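Both complexes shown next keep chain A, but they swap its partner, so chain B is in the first and chain C is in the second.
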Partner chain A sequence: MKRRTFLGGAMAVAVVGHGSSALAQQPPIKIGMSMPQTGGLAGGGKASLLGIEIWRDDINAKGGLLGRKVELVVYDDKSSASETPAIYAKLVDVDKVDLLFAPYATVPTAPIMPFVKQRGLLLMGNFSFQVNSKVGHDMWFNNAPWGPADSWAASFLDLAQKAGGKNMALLTADQEFAQNLALTARDVAKKRNIPVVFDQVYPPNTVEFASIIRALKAAKPDIVYVASYPPDSAGILRAVNEIGIGDDVKIFGGGMVGLQFAAVMSNLGSLLNGVVNYNTWLPEKSMYFDGTKEFFDKYTKRAIEAKVDPLGYYLAPFGYAMGEMVAAAVNSTKSLDQKGIAKYLRENEHKTIVGPIAFAADGERKETATLQAQFRGVKDKDIEQFRSSGKQVILFPDKLKTGDLISPFEAARK
Partner chain B sequence: MNKRSHSIAFWAGVAVFLVAVLSMTQIVRNEYPFFAGYVILQFIALAVAWTILGGYAGYVNFGTNAFFGVGVYTAVALFKATGAPLVVQIAAAAVVGMLLGFGVGLLTLRMRGIFFSIATIALAIIIETFVMNWRFVGGAAGIQLQRPPVMAPFDSYVKMLFFVQAILVVIAVGIARYIQNSRMGRGLQALRDDELAAECTGVPTLKLKLVACMISGALMSAVGAPAAMYLQYADPSSAFNLTYSVSALAMSLIGGTAHWIGPVLGAILLGSTQQFLAVTISSEVNVLVLGIMLVLFVVGAPKGIIGLLRPRYRLRAGGKQ
Partner chain C sequence: MFSMDLLLGAVVLGVLLGCFYAAVSVGLSVSFGLLDVPHVAHPAFLVLASYGVYQLNDSYDLDPLLAGLAITPLLFLFGLLAYRVYYETFEKRGSDAGVRGIAFFFGIAFIIEVLIILQFGVDQRSVTANYIGKSWRFGEFRVPIRQLVAFAVALALTVVLAVYLSKTFMGRAIRAVAQDEEALRLMGANPVRIKQFAFGIATAVLGIAGALLIIVAPVEPTLDRAYIGRTFCVVVMAGLGSISGTLIAAIILGVAESIVLTMFGASWAPAISFAMLLGVLAVRPQGLLGR
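Moving on to the complex of A and B:
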């Protein structure tokens, strides 16, 4: 009896709370996902989730989707591949969510690809790398700007060859993402007849890079392609700063994870100068589209409370863009039919806060929009400097370019 | 009850359990319970396997993840090379796990206490590094696998894996129970209480420890084998995740290590709590909850759940009569 009274009261409050708005009349549209909130990928996962939450709040403020409120159902996958199958089974079979977003990164996403293919479900990808290449699911769309698998290495080597680079050194971490990059880098180098004069794979958690950098320097490469993880990225740059890398090196960097995050950048400070590295979004004038500035205004305020990356350039706007694309598809098809949404996503170009997005048949971007940018004039211990333009000058792709490469590397470091 | 009627009750219980699992796969249509249930069963089997060396013999093994990962990658390599069916993958993993247990046991079982534990941690790191550099099974980048079609009477692969894992649990429990009641179990108990005294009274300690390590290793690897098909993906950092070691150890300790029912209870309690928290609280808090649970059990029930429930086991576990 008591419980019934309580429930009745709660329902009354809910109804009164929403007044006569249309939102209260229909059940919400549920979007389900797992997100790494603990473990190694948690930093990125939380920032990505904040981007998606800002989208949810924006769309609900505009009246929701199809007149229904949007609700997120999010579980923590602990950054592990072994957690996600059960979580996605629960989202689909128990929570009965209407749409699925993938967790941040490749490892937690890989085990759910066969599942969504089997069930014929739409999955919006969140920064995984080539996770659909073997599965071949036609209802997968990745929000990341990667594009074709080899474009990453190709864009870096384009810049390097233009600067006069003729041979390459590869320095890569023995981990999933870095090894994927290394594979394509070797392929592209082979196609272009660029000899690889140094190819070193180091174990994860390496902290001392002095001996590796000495060996690399002795090989006298023109191009140094580094695919590393946050702690090693810092270790490598420190070793380069102490030992130097030689005057032959035209370009240095490429695939260093970590140099996109505020904490790592402010920690390294002036050591970053000259490094050419990949990125996804930067505060350069070519990167502002409809709603971009408004998004970052909101993000900057909420990041403090959510204790996530204060800059949030790398992942958060793409989480928002993922929501924008789904919203456009649902509004255009006027339904939640997943096949219809997938068809719309595949056939149209989508306006988002990170620029226009069009998909290839494999659900990755038709063209790469992965930036290669060079650090310039970075001072020590100052996070705020990264909010202004000119600290990371975009060299690639051409339509977003905001400057030219300074080469050789030693000259650019000054 | 005498020994014989104990046995009848045990095997009747096993039969009821397997029939229940099988009928569940035929009746329940929602797949989520099978995904979650598979993980819980996997931890029951791991915890029971761990107890054979860690509980009965008192040799704390931190290398559960090494054996588990070896099972995963034996299955992956075999599946990729020959497309071998699941049963063959599991059998091969058990054999490889047993050989690994033999090799490791021979090298490390002369060390005692903390030194043995450290050696088992090193084992996991060595094997993980090896797999990271083995391109055939995907190396550091991991490998995606396509499941073969499911066999009758199951209508989904996960339901079949759930049943297979239930059989592995039964095998693990059956072996653990047999060892516990056998001459070998008494020998292991003797060497846990005082290895020197046991050796002096004629217990072949090294041989017993070696056999326990082989059986425990074989079971852990066998449990790991279906994980490749469960995830349809394998990567070294997930397959060799330290969580497997910590969970197997925690489950056994929470349940109690003196009797095979201990790790079963511990794994059911901790495994279901983990699964439940993963989809309810689902944040840093769930790690905290598990941590607090462990501390409470260590302080409040040093002999585990069975120590709380049955004073009889507490006596046994203490080694005093």
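Moving on to the complex of A and C:
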């Protein structure tokens, strides 16, 4: 297990001048986490970490927290659920960190939930999905905009039904995150009497999707809900383009992980057109709040050097927002008491660069802010096009909406 | 829901997929099947070759297949070097070297994975060519052109390698070293040099196989893990060292996977593939065309 300690920049300390002596004298506040830096989740993990590092540098430039420098203690969990319990035990018992951030994603986070609950520790969640639903830890706060469990599928099916969709096909990866999405999609469909005419779970490492797409097409669905992971998302869209999906399909997408990342979007190019998919932040007018533009200016410069996602929309600003929320709580309670911080986080609405955040009792957002957006007018091999508005039109939620659904799917692809 | 059209489509797509599996396994058939080298780094070499193809395609807009051909000599030299290191450090030292050799090749695979991450990052990479992303229509049935290209090239690669091993002097020498190393030594030939050359050939064919890998789907640094099971399954099912057996086994695996994916549900596909392997080995322990 390789240890990487990220110290706050010395330059930042020098800039604050008078406060620098205080910063240097007191021990730093240590925030510990694991982060996938190798393995399948590394693309997201690295971008998320860069967002957190930018927050650390900003907060240290302003004099730190409680007059103390902020230091990150980060280990690579290799995207593996088996690594994280040992890492978090070490962070708490050996490194004696003051606060814990969760790793990016559901799979590495799920196994540490019993540990933090048992120890009564605050854990800032980082884009996991429903990891606290069964554990019920009251000191868990997820930075992701998911909201109530069924809102994700409900928003997609709202759009689908408005477009005339009456039956659904479900194609999902055999993996925890995708299966959680599939579960809620089946529930919502059942409540709304939408028959599921095709329901397939594909295993990880599926190489070729042409056969699956042929079978899906034969079921003649008019709503196609896909919950996939990055390597598969590209394979599925390629197969859809080559095999076709049928003229009945009103809406396609929903929960495809990967289509939020610059490299995948650039690779797929025009194949993305028409797909309606979830997202978290997009460069549309409705998504800019105090500090958002400044954050992306810094991110864009540092992403090249760090060889991470050059756009960084999906995770990085939420990593920064996680730091902002903790900073607000620590400054308001003037302490590192984890129960006090948790109480503050639960009872207040927090201003962040991704908009206001308020938590429900389960530590998820009170209201969903997960976007459903449709790709439009995307050209091949051009990452820069995704920096301008209009390439992913926001259809949901209403308060952030920037356009209406184009349906059926085949028409939207043109 | 049974449909003859669906079944027929699944068989056609399965044959195409199977030929692709043959292409990515045929190098292993030589290195593991003929030379008895526990080459678990074979899929990592394959992914490395794909990144080489990506680099040439991205920088010089070279067609992926030509890029695969272009890196073949480099891969050959890399194969010679890898075998020499393996031989000097493990094989030369005795009979239990095989087990330790597995650790050696696992180590190599991890090093390759990390080097790819350092150089290219963790994101998926893909290539562009005018046959990627399009399909040919036969009435209602559509076949991805990239799959047809992979099919034709994989078939050609397998046939060329089979002919090389059976008709040329060096090919026969490679087969001879696989059968009886001592006899070859008594005839004055150097079996180590022949094995080194054969390992070079096994690595060189990964130029084309790597090109097919990145043509069929995007690659990422840890993709090798997805192919360890499949490639070894094909080679063992084929009968160790049988090139034509590799093609047949790969097609059987591809068709089985495709039919299961289409007709019975995707989650059964890996189980069915490996159940078939066990079934074949139960009836013919030496594999389909093994002696």
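Just a few scattered comments:
As a working rule, the second predicted complex is superposed on the first by the 394 of 414 C-alpha atoms of A that agree within 3 Å, B and C clash if a C-alpha of one lies under 4 Å from a C-alpha of the other, contacts with A are read in each partner's own complex, and residues count from 1 in each chain.
Note that in this section a residue touches a chain if its C-beta (ideal position, glycine included) is under 8 Å from a C-beta of that chain, and two chains touch if they have at least 3 such contacts.
These numbers were taken from a predicted model, which means no experiment stands behind them.
Residue contacts after overlaying the shared chain place A:L336 against neither chain B nor chain C. Shared-chain residue A:E176: touches chain B; no touch with chain C. In the superposed model, A:V264 lies in contact with chain C only, and not with chain B. In the superposed pair of complexes, A:K307 makes contact with chain C only, with no contact to chain B. Considering which of chain B and chain C touches more of chain A, the answer is C. Of the two partner chains, chain B and chain C are each touched by A:P203. Look at A:A328: by the touch rule set out above, it reaches neither chain B nor chain C. Contacts of A:D76 after superposition: chain B is touched, whereas chain C is not reached.
By the touch criterion defined above, A:L66 reaches neither chain B nor chain C. The intersection of chain A residues touching chain B with those touching chain C, taken from the two complexes, comprises 37-38, 174, 201, 203.
Listing the residues of chain A that touch chain C in their complex gives 37-40, 42-43, 46, 174, 200-208, 210-212, 214-215, 218-219, 230-231, 234-235, 238-239, 241-244, 258, 261-264, 267, 271, 307-309, 380-381.
Contacts from chain C toward chain A in the complex involve residues 1, 3, 5-6, 9-10, 13-14, 17, 113-114, 117, 121-126, 128, 133-135, 142-147, 216-218, 220-223, 225-226, 257-259, 261-263, 265-267, 269-270.
Only residues 30-32, 34-36, 38-39, 129, 132-133, 139-142, 144, 146-147, 158, 227, 230-233, 235, 237-238, 241, 243, 275, 278-279, 282-284, 286-287 of chain B touch chain A when the two sit together in their complex. Interface residues of chain A facing chain B in the complex, by the touch rule stated above, are 37-38, 74-76, 78, 80-83, 85-87, 89-90, 93-94, 106-107, 110-111, 113-115, 131, 134-135, 174-176, 178-180, 183, 201, 203.
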